[in-house]
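Naming follows writing order (A, B, C and D), and every chain is counted from residue 1.
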Amino acid sequence: MSTNDIGKRKLRLAMIGGGPGALIGEVHRKAARLDGRIELVAGAFSSHPEKSRQQGRELFLDPERVYASWREMLKAEAALSAERRVDAVAIVTPNHLHFEQSAAALAAGFHVIQDKPLTLNLAEAVELREAVRKSGKIFALTHTYTGYPMVKLARDLIRAGRLGKLRKIVAEYPQGWLFRKVEDDPGNKRASWRTDPAQAGSGCLGDIGTHIANLSETVSSLKIREIAANVSTMVEGRKNDDNADILARWEGNVSGVIRASQVETGEDNDIGIRVYGDAASLQWRHGDPERLLLRYPDKPMETWSRGQPYVAAASPSAARATRLPACHPEGIIEAFANIYLNAAAAIAAAEAGTPIPEAELDFPTIEDGFQGILFVEAALASAKNGGRWTKLARG
Amino acid sequence: MSTNDIGKRKLRLAMIGGGPGALIGEVHRKAARLDGRIELVAGAFSSHPEKSRQQGRELFLDPERVYASWREMLKAEAALSAERRVDAVAIVTPNHLHFEQSAAALAAGFHVIQDKPLTLNLAEAVELREAVRKSGKIFALTHTYTGYPMVKLARDLIRAGRLGKLRKIVAEYPQGWLFRKVEDDPGNKRASWRTDPAQAGSGCLGDIGTHIANLSETVSSLKIREIAANVSTMVEGRKNDDNADILARWEGNVSGVIRASQVETGEDNDIGIRVYGDAASLQWRHGDPERLLLRYPDKPMETWSRGQPYVAAASPSAARATRLPACHPEGIIEAFANIYLNAAAAIAAAEAGTPIPEAELDFPTIEDGFQGILFVEAALASAKNGGRWTKLARG
Amino acid sequence: MSTNDIGKRKLRLAMIGGGPGALIGEVHRKAARLDGRIELVAGAFSSHPEKSRQQGRELFLDPERVYASWREMLKAEAALSAERRVDAVAIVTPNHLHFEQSAAALAAGFHVIQDKPLTLNLAEAVELREAVRKSGKIFALTHTYTGYPMVKLARDLIRAGRLGKLRKIVAEYPQGWLFRKVEDDPGNKRASWRTDPAQAGSGCLGDIGTHIANLSETVSSLKIREIAANVSTMVEGRKNDDNADILARWEGNVSGVIRASQVETGEDNDIGIRVYGDAASLQWRHGDPERLLLRYPDKPMETWSRGQPYVAAASPSAARATRLPACHPEGIIEAFANIYLNAAAAIAAAEAGTPIPEAELDFPTIEDGFQGILFVEAALASAKNGGRWTKLARG
Amino acid sequence: MSTNDIGKRKLRLAMIGGGPGALIGEVHRKAARLDGRIELVAGAFSSHPEKSRQQGRELFLDPERVYASWREMLKAEAALSAERRVDAVAIVTPNHLHFEQSAAALAAGFHVIQDKPLTLNLAEAVELREAVRKSGKIFALTHTYTGYPMVKLARDLIRAGRLGKLRKIVAEYPQGWLFRKVEDDPGNKRASWRTDPAQAGSGCLGDIGTHIANLSETVSSLKIREIAANVSTMVEGRKNDDNADILARWEGNVSGVIRASQVETGEDNDIGIRVYGDAASLQWRHGDPERLLLRYPDKPMETWSRGQPYVAAASPSAARATRLPACHPEGIIEAFANIYLNAAAAIAAAEAGTPIPEAELDFPTIEDGFQGILFVEAALASAKNGGRWTKLARG
């Protein structure tokens, strides 16, 4: 990723959300910061004005650009000169705020980088997609795992036919941190909003189900077509779902399993995928993110290692997402940063009047987000119907 | 396992099947031989008399006790004096012969050690179960994987409450050797009978689906209650199923996934299971059979290693199934041999008039086999009904 | 690491070296940038003025603070007002320049963060150590691997006696990238200066031998006392060493092995250490940096996972070096950043007149660097003497 | 290994040692039994006649061929007719008895399969080698680890030049079971004789040092030429060595490290080897014995899996040592059995008057044993001389 990809200056970023104590907001900031090509210059970090200011001080921001509310920020930034105002807004708030904030940011003329899931429900998703299309702005969704170089390699090997014709996908996202009713612990904000249907909508499905569905679609370049879902709430008294085991069919007559759980006690965050073709298969998992396994019927298993020239040869996209040689471990901040860098390059190109063709965008877009909401809706509908096979509505 | 467990003399064994070139028959023989407590003395190794004799010569057997047909063998052995005739018959033929041969062996007064699946269909299973019950003989089914010490440990840790209340099971049996239509290769007997509905009945479900279902029930000590199955034939032109992805519910409100496939290209035989409770979880897989992983919400993951005193303390059953210290690898022949040894001890006890209570039998029995057939039938029924949740018939 | 640890403003940093195409300079910059508490504001990135300027433009630096030479930079920065001038200088040049540049930076009144090895030889090391002591400035050496949280955990578990009395250390640094004479490839600068005795001094010993020696001392909190070394040049025509296998004795009657090689074909960068006590042992390796293995004589092996509360409880130092929950992988940039952050906190404290006691500094210091040079000298001396046991000179 | 390799009948075996409670004797018996081609028919299992008889009863042996002393056995068996007497004697006693018993067995006209180390010292080794040469009998030494198929594959890949020219070997044998003075525990026979210089000679060096030295020579097909050894006794009060870290040079200008320890707390028995050539490298370890890793400078690491056709194609010797398909784990008993089978085939060939050429013998011979004693002697001599490089005496 050379300077020219992004432009002659740093991209100027504002953030909504990510106040004191927030985990994911700080990850976004580190990712944006890492490569020195994006600068956070403004923020409305909390619905509590004082907390927003406190966060701004922590970040050494100009107090004038630390706002008491996100609405105020959008208005004030839009009024700044082109040389000062932010180019893009990062939205890292709980799910129920995504729609309103993203739509408003687009309407105010800003590009948007938003955390997943896209929205709280399908109605919002339809409307937001329309808003993105009309705006002509870049909209990036941080499905983090697609930012890993070895995930890009997996996708590109499959596209190049290295697995033959695809047959099966097994995609799993095991977490255990909600194994008991931790949302009752005072101060566990991370758990409390995610288990509150008003703020999160569905629980496990929206929070990590959308990630694993997106990973399966990204790696295979195939859309999920229909699913049969067993969605449950395993911890007594919890208000939304915390576990989903799903049979799935993708385009191209591929079938398999998608699993997401936040109550698999002792699991950390080892999201992973196996894809089987009629010539070979591959496996990637987050617990060992720097390696991709390829299995063959008639020769030794191969362990591809990030940073090696043979990876770059097979996947220029993985090469661009690589900063360091093999066995100099990169991690999730780099994966996030790859989404930021690619989105920033697209923004710079759009601003320069030479937009990158949609097919070449190497980050999750509004279409990925939309598909995620279709997936959640279909899973909930299937579960309501005793697990009946349910088609995803057509985008 | 001391001598006294088995008796004052070696158990005398006959075998049906396992002729020249057979894989699994030779595994049975090595397992029976390993500990020096069981002696193969007779056999009807093939439906071709000459092949049976050839196999007998390879095994240095007394030619008089190598028979041209299994019917002849049962009759001739039954006519021998108590000091000479075999105690038990091992049946290692294709599935469609299991019922007739086992029933006849029991009727002739012999104990039976039979390969899985129990029978070709439910009608046979009902009848064979009745025959076993009436005979008073020992009937052991070689669900190999339950013979591994670390599987016994897993079961015993769960029974002791180490995982808390169980919630979820993910049980998988990935194979890839049928990834293309290898049954068309001349001479691939192993593939050809398994893909012939007349000899095998269902394909993947009967061959390895019964193994993985049994593993889930053995480790959890919970029966499968209902399933929603996606059963398919992925290789064009194949005559029975080669892939099954199944949502399942076990007793005790436990749910999860059971998967079996023979077309996951590049996979060898890495059957494995993860069980999640509300206090901890465990994982075992055949690719690393000497270790059991325990995961906790609040302390480091533990890797239990076969042969260690702490394993013996937690599971006397695992200790009895252990021959060597840790990191002196034992494998699948030992797992098989554990089924043989435990069955032989039960046979000796039965013969001595002091039968081991059914609850203490530490090998798969007719009930396990019966449950396997219920599982296959339910899976096929669910698949026929568009994946509808289908209860297993009550044993 | 809270803001207060570092101060009310960002630390201002200058860099010497790290021009276009340099690998390690960019790693330093990403590490410095990551947490938003350090700002690179000046640089002399190359001995070629135009390359230095080019790098400055890439970094969006104020052209006035991008210098044609490092001497010019030190002079100009020292002349700036306290509100503008840099606090510290990062030195990321080839080995033969370390001494002169660090000494000059200290003399000009700046704190120094320098890449390893400390100097080209012992004479320089003695002098530089003296210069640091006299200056009262902070001197940090980027022995990267000590920045990993799980390395800090290893050190702290040992200090707390969790392994009992230490007995043995096996410390290995296998690389393979110099497996053939790659320094002859035009444009391979990374290889060419490292294999040039004039620029690098010793080869493998200085480049990675100092890392692995330091890792052994840091984890064990024991100094190496004497060594017997087999130092060799395995690639024909190479001018300095590329392989060293060493028997070693540490303080406290601990013995073992230190290995460093750059010609172990196919190895990437999997530096690792095993430490054995009379009660337990531990293992860490860079190929899986987020985990620490603990082995016991009488209970299951434990896999400690970065980000877990039990890690924080055992090692506050590891907790401070942790940004993300378990299985959200952190990597080598974070390890580097931990050295930068801890050094920056020490610099801020020193500037505030409340210096952190030397024993509490949680980054490699001049003493670590000095010890590294003693190690290299002793290894070369031992090798010259047919592998004779050779004491490290006393610091 | 077909029947014809061994002959028209089972090989008849006698055993010296392996009485009640012995670990390694029972492993020999299981290994001999496994394939049904060798039959244990006689034994002198203990120096206590009653214990020998007890063991014979446990093994269902003819009481007439269970002897009160090994001398008596050799004499009595030699007097039997050719149709009855044993072909070979397995010797599984403590080290100090090896020489006398093996020499006597050879003198009595029997082939010998003996446990390692060859003898207590060099004088005995010289004499025993002479005895073997004169006898014309087969002498096999059970260096178990060379029996593994993947070790044979490693050797054959190297011989075929797949690693290029060899450069380095790192060979390690970590055990922890002697981490404290367990020989003081009443009843720990396994520890007490091994730590008694009168029965064992050296401790760690003879017990496992000979294994790891042999593994390095077998895999590389290169003899160790000189070593610099740090041999120590780490547990206070122990009477022989329990730890050895050694720098080594093999033929062909290959250098590296050999390590053996029985006091690396928490280690089980994870003997392993890495070999580096100028084109590629390989790694095998006992904790994962069914796989061999190959690393390259320019393509993905390969994991070769026992039982696959590509293994058989690269190593007919590995194929012959393989009983089961991939991921049907084989273990140490199979490795032992491979030595027994290959020795038995050699014995049958010798008896048939068509001896297998020495270069084609695929099991450890007297030469391997002799080399092991040279290694132990050189290590002890080097250690006595302050770790001086010491040449192994020429065989």
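Here, a contact is a pair of C-beta atoms (placed from the backbone, for glycine too) under 8 Å apart; a residue touches a chain by one contact, two chains touch by 3 or more.
As the structure is a prediction and not an experimental result, all values here were calculated from the model.
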item	value
Shared interface numbering between chain B and chain A [over half = same, under half = different]	same
Most widely separated chain from chain A, with each centre as the mean of CA atoms	D
Centre distance in Å when chain A and chain C are each reduced to the mean of their C-alpha atoms	34
Rounded Å distance, chain C centre to chain D centre (Cα mean)	44
Multi-partner residues of chain C (each touching 2 or more other chains)	294, 301, 305
Interface residues, chain C side, partner chain A - complex	3, 9-10, 23, 26-27, 29-30, 33-36, 58-60, 268-270, 286-289, 305, 307, 323-334
Touching residues on chain A, where the partner in the complex is chain B	163-164, 167-168, 170, 172, 176-177, 179-180, 228, 230, 232, 234, 243, 245, 247, 255-257, 259, 261, 263-267, 274, 276-281, 294-297, 301, 386-389
Partner chain C, residues of chain B touching it in the complex	294, 298-305, 308-310
